[in-house]
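Here come two complexes built around chain A, the first alongside chain B, the second alongside chain C.
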Partner chain A sequence: MTRPRKLARWFVALVVLHCVVAGAGFFAPYDPDEQDRERPYLPPMRIHVMDAQHRLHLRPFFYPLRLREGSFDQYEQDTTSAVPLHFFIRGAAYRLLGFVPSRLHVFGASGARICLLGSDAYGRDQLSRILYGGQVSLLAGLLGAGITLFLGALIGMAAGYYGGWRDELLMRAAELFLALPWLYLLFALRAFLPLAVSPLEAFLLIVVVIGMVGWARPARLVRGVVLSVKERDFVRAARGFGASDLYLLRRHILPETASVLLTQAAILVPQFVLAEMTLSFLGLGVPEPMSSWGNLLASLQQYSVLVSYWWMYLPALAIVPFFLGYLGLASALQERTGAYKIDENSSWSPT
Partner chain B sequence: MRYFLRRTLHALFLLFGVSLLTFLFSALTPGSYFDEMRLNPQISRETVAALRAQFQLDRPLPIRYAHWLNAVAHGKLGFSFAYNSPVGPLLWVRARNTLLLTVTATLSAWLLALPLGVWSASRFGRAPDRILSWATATLLVVPDLVLALGLLILAVRTGWFPTGGLVSFGFETMSPLYKIRDLASHMALPVTALVLATLPMLVRHVRASVAEVLQAPFLRAAAGHGIPQGKLLYGYALRAAANPLISLFGFSVGTLLSGSLLVEVILSWPGLGPLLIEAILARDLYVVIGGVLLSMVFLVGGNLFADVLLYWADPRIRTAASAK
Partner chain C sequence: MRKERFSARRWRITIGFFLASATILALPAKGFPQSPQPNAKEELLTLPGEVGHSGGRLVISLRAEPKTLNPLTAAETPSREVIGAMQADLVHINRATQLTEPALAKSWKISPDGLQYTLTLRQGLRFSDGHPLDADDVLFTFHVYLDENIHATQRDLLIVGGKPITARKVDAYTLLFQFAKPYGVEERLFDGLAILPRHLLEKPYQDGKLAQLGTLSTPPKEWAGLGPFRLKEYVAGQKLVLERNPYYWKTDSKGNRLPYLDELVFLFVPSADAQVLRFQSGESDLITRLGAENFSVLSRQQRGYTMADAGPGLEYNFLFFNLNDLGDKSSLDFTRKQKWFREVKFRQAVSAAVDRDAIVRLVYQGRGSALWGPVTPGNRRWVNSSIPHPPRSLERARALLKEAGFSWSVAANGESALQDSEGKPVEFSILTSSSNADRTKMATLIQDDLKQLGMHVQVVPLEFRSLLDRVTQSKEYDTCLLALASFDSDPNSDLNVWLSSGGTHFWNPSQSHPSTTWEAEIDRLMEQQLATPGYDQRKKLYDRVQEILAQNQPMIFLASPDILVGAKNSLANFRPAVLEPYVLWNVEQLYFRNGAENSSR
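On to the complex of A and B.
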């Protein structure tokens, strides 16, 4: 496959994945906060086309679950009443992308709840929570990467363009940030920020913390590009015509760094989504009742959940297709712009 | 000799920078360990103020930093509020466990990655190489958090491995052989998680650099001379490809430390990770700073070791160093 097509393929796959998460309201059958305390920890339900009497149904259906007698968390299928699955059904109200009010869901059922991926301790539908949680996690990753790239481009351009002691100082600082194991750095930053905050504040806090951790690598890469570009003829010509520093940086140098920044973005976004997951998993990130991929996994820290309710692990797998997509995109971009050597990864490349 | 001196100085500079950085960040911290005491009506204001003075939280930052440096020089690394003891001994016990885990994981990962990578490179583009590439790509898209949790669930549901802790109850009474077996079975899960998390990256780099070297004329000549395949690959090609791999080794120490932090927390290994999380939640300032700094010491140690290896492996560096 040719390179542009490879790039386009990964890009389209990622756009589709993001659209599914962005349109969580439509793809999720229920509101993520809707509880069903009568039935906690429902296991994932099966969709059937063949019923208990071996009759084929045209419309897929499921059997609602009922508590097994004498048990508080063991369920069995109630094969007496098949509940048909409906597509494009009207259900809980939501706002698509936060604006468009709608009640339409891609699938659902009336009469009984369908939890394809099971439900949690409060009987909240896991599939809906994973989809809505993805919005939080992905947004944190995207915004964090945005901040990082902004900082990285700014610092890299300043260091590369002005040179001298500024370059020396900034690059020493970059070395420091690159040398620290990133998770320790993330924790250290988080440690020094307030703990008890509202979900929205916590989210913004996380985004800022994540965004401040990774600026060093893009800054070094951008600096390298700037160093070579600023000696090119068109830049020197523009300077000769009396262009200001700011104009040169914005108009001639910034566009040249675009491919480096794009590649870095493809590498950073999944890392930062994972960073959000890690922080929230450990209780340092987005708190309940807001769901994120990280805090959906937090219940796995209880032994009883680990032993009895394996489906609580399913949110962890949600990130895997995104990782795959971004990895493919990053390698396609790298192939296009000429591969970077691994030396760029080594924090301490021997000189 | 001057080469090592320069690297060590560089390392010390990095450590100093990190300590200064963490201290500066800590100065921006809203709240402290004693905030909850202040809310307690049974504890008088004077007591809290006295405690703050005792831990010198009422002093300006530069003085606190100087005091802390003094404490570091005495091996105490400051004082933990929550444990009411010097941070140094507290950290060392945990650090030993972290080291045990990371050193084992590093060794196993490299011992697996080298033959796998070389084998893959020697069959570049053919079926075994492509299968291995797919395998590493699959592992690469599974983040360590997902991997560790998956292993934990597997262990809990099958009961193949003990989950959590360093040793079983009653470790003291076991015979030496059983002690080793017990420790190994407890280490199996975290080490597996760490190895699986770092292995794909290592294998890919080994494969890439060996494959590049295999194109070189001197290796074709060596093959033409009838030197056996095994000696060719491990004696000649790997030696020539070692340079970037040793740099990668230094880098992989940092990744492994980050990974180990997470794996320790998830799989309840009593290392630095769980201690650090508790300290963050309790606002136990000096434990956090000490933990970050200690991880940095490990990292710098790993990098210095990589430098020594590089010096040994690459004659160019030796001659450049002695020429100065």
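On to the complex of A and C.
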């Protein structure tokens, strides 16, 4: 009784999180590439309801920050002018989900910029960059996981169902792929590509590489399921009635692997998001000025940023709810399939 | 403090007495520092400035291991920095005043026609191994520098008017240098030309092994120089230790023989951040070549050290376009791009759109200066201050582009995009060195500046070696962001950059004959100033070169960083300069106020 509800809860949480990232244009107050060269490394700004004279404001407001005289990155609050926060305000143009042109933002202000999570070296709003960066990182993770699972299911089913030398060949190839140092592979691959790679090309490259190298583990799992399922009575019966291989695979065997594939998906997505972040962190991801969670963290490679601007760590925190959601979903899925299999006295385990 | 100084001096007097009275005991007792015999005829150079006291050991980080200690083959900064402390030249440029001063030559005379230089050496000087110096060493040195088989890095500087200069010995301490043409640099030529010990190097030279000598693993006994320090120990991958040269030929105003320090240690610390950590923890006493960000980190948490902004240096950062004539190798796409790059109005428009103030503020945190020409404000003698400094103006940039036949169209995403006269969108990439965060940042700022003109620019950070390879060898790039740091303020140090035949004439290197009229004019002016004696005449010619460069913008000059350094509070006589080596140029005068504490470390 509790299990499906747990699953649903994780699932809803994830859907909400993804919607926020997918609708980054709406939730982010500014264009992620818009530079404010007068205000680099702006610390996160506070929202007040009580002003300096201890008067209560009904509408939340913030005090704009201004550069302290003669300094580069020291700011002080200008408490003389309170800038009210507006909700559903018109601002920078964007295209919702890449299609719907709009100018509506969930919050913003006129007269001064509000940077809730501070700004980076170019004065770009960190919150907007994290939200837009999430689109790149999450999409890379989801697409990568999609490719991996497709390849894994295909190869795993072929190996498990046909067996014999085909099985041998495919499984040895899988072992080879598991042993491949994929980070270096990517470095090498990048060296062969033309000099200037457009953001889209760089993104597709990451997705394809991540997707291509990860198929071995799901393939092995799927093969295991197929090996046991193909000997089950209902499969034998269907074959006895003259069902073709393709029909058997599609109608009887593939559905049996669904729970394994789903669990794998929930585990693989965060893994691949992390892979994308690693690549971008090392400068192999999407180029500036586009953001992704990885290249947002890249500035932390500099000692001066590391010790001076703590809010540059925040993109690392952004991944926490997503990972929590995916891993929670994975364990809920695993529990469900595990219980189901134990009931059936199955000979295989989901991991 | 006074007591310490007294005891140190008394110690030296004792040693001097000991050696003078017992010359038979030539080998010094174990643990005693070697000190030269007093020599009445020794013509020492007395330096003005604060009088310090001996002892102590100075530790400084180097970005990389020096490749060699041999002045003939040294080309990179770490080698030059170490060699600067081990070798000496005939005439030296004072890094603080940027003027020449007598060094090993106590005086020089230039004939009225500018063709003959007569130099008189100091008498009684010795190399760091105790062997005396005379005119034969100088003759040997110049012979070696000019030998084509040695490939000395300084050789080009000694070819004047197509002919090598000749050196002749007049007597044991007088030399005559003969030039084929008058040489505008005059005695500055001799700066940085280390005088080599003939007694050690003549045999290897005749055997053809000279270029291989002077590696870090050379035994200290087989290597000598005339600089304040000599080789003591090399630990591969860790450090290089130099010790005091007891025969050094400079004294302070009280007659104490310099240098004050007993040891100079170079630690090999590859990353800038690691150098900052070492300095912060007190492991190194000096830090130089600091970026503005690390400088402000160190300034914020000062503990026992002082940070100094020595002012604008000689480094200039610039963006340049690929103007090479690629011939058949060029693709259709690239030929179209070059058509824009060759259009001077296009280059001027890019220059007008670049926000130099933002570069100085965001990249250098205000510790730098915006540039409109190649000569930085730090080079006070040569900068042409009449070059206009137009503020950033997108209107002017747009007007220039319109004049050159460019137009704007509204792209699919609602932004306006620049297109050329054939209707093709203006897109190109900027190469930067991935290891240099400052320049990558500049490129990102320029990318955003040019986006406002409707240009679609991509920043491509590339590993430095492959970047240089693309720029100088394969020439497969659109534009590139680089920096140059002249080692001297004199225009001749950048000769290779401005001459169209030069190897570092980046936008179109090593041309057989200048491809544009303005490049031809720069060639003519540079060669003319080379042969013109007298600062005023040369300045006029070089001013014109700067004007032509600012007008034609083959390079879009961006900004110049300040020289940022730091030193422990206890280090005295610390006077950073904007010329290399920024902090070690007066290493012989550096000393620790609390010498005892530091020498025991």
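Here, the second predicted complex is superposed on the first by the 316 of 351 C-alpha atoms of A that agree within 3 Å, B and C clash if a C-alpha of one lies under 4 Å from a C-alpha of the other, contacts with A are read in each partner's own complex, and residues count from 1 in each chain.
One rule holds for everything that comes next: a contact is a pair of C-beta atoms (placed from the backbone, for glycine too) under 8 Å apart; a residue touches a chain by one contact, two chains touch by 3 or more.
From a predicted model like this one, the values you see are computed outputs, not experimental measurements.
A.B. asks: Answer with first, second, both or neither: which of chain B and chain C does A:Phe72 touch in the superposed model?
C.D. replies: second
A.B. asks: Going by the contact rule set out at the top, does A:Leu300 touch chain B (first), chain C (second), both, or neither?
C.D. replies: Once the two structures are laid over each other on A, A:Leu300 reaches chain B alone.
A.B. asks: Now for A:Arg37: first (chain B), second (chain C), both, or neither, which partner does it touch?
C.D. replies: second
A.B. asks: Does chain B (first) or chain C (second) touch A:Gly283, or do both, or does neither?
C.D. replies: So A:Gly283 meets both chain B and chain C here.
A.B. asks: For A:Leu246, using the defined touch cut-off, is the partner it touches chain B, chain C, both, or neither? Pick first, second, both or neither.
C.D. replies: After superposing on A, A:Leu246 lies clear of both chain B and chain C.
A.B. asks: Output check: A:Leu56 vs chain B and chain C. Expected answer is one of first, second, both, neither. What do you get?
C.D. replies: In the superposition, A:Leu56 contacts neither chain B nor chain C.
A.B. asks: Quick one: classify A:Phe323 as touching chain B (first), chain C (second), both or neither.
C.D. replies: After superposition on chain A, A:Phe323 lies in contact with chain B alone.
A.B. asks: With both complexes superposed on chain A, which partner does A:Tyr122 reach: first (chain B), second (chain C), both or neither?
C.D. replies: Second partner only, chain C.
A.B. asks: Mind telling me which of the two, chain B or chain C, contacts the most residues of chain A?
C.D. replies: Counting residues of chain A touched by each partner, the higher count goes to B.
A.B. asks: Output the chain A positions appearing in both contact lists, the one against chain B and the one against chain C.
C.D. replies: Chain A residues touching both partners: 195, 283, 303, 307.
A.B. asks: What does chain B use to touch chain A in their complex?
C.D. replies: 14, 17-18, 21-22, 25-26, 28-31, 137, 140-143, 145-146, 149-150, 152-153, 156-157, 205, 208, 244, 247-248, 250-251, 254-255, 257-259, 261-262, 265, 276-277, 279-281, 283, 288-289, 291-292, 295-296, 299-300, 303, 306-307, 310, 317
A.B. asks: Could you please specify the touching residues of chain A with respect to chain C in the complex?
C.D. replies: 33, 35, 37, 40, 72-73, 93, 95, 101, 121-122, 195-196, 198, 283, 287-289, 302-305, 307-308
A.B. asks: Can you check the complex and tell me which residues of chain C touch chain A?
C.D. replies: Answer in residue numbers: 272-273, 276-277, 291, 293-294, 296-297, 300, 355, 358, 361-362, 365-366, 413-414, 429, 431, 434, 437, 441, 444-445, 447-448, 458-462, 470, 476-478.
A.B. asks: Can you tell me which positions in chain A touch chain B when the two form their complex?
C.D. replies: 172, 175-176, 179-185, 187-195, 274, 277-278, 281-284, 297, 300, 303, 306-307, 310, 313, 316-317, 319-320, 323-324, 327, 341-343, 345-350
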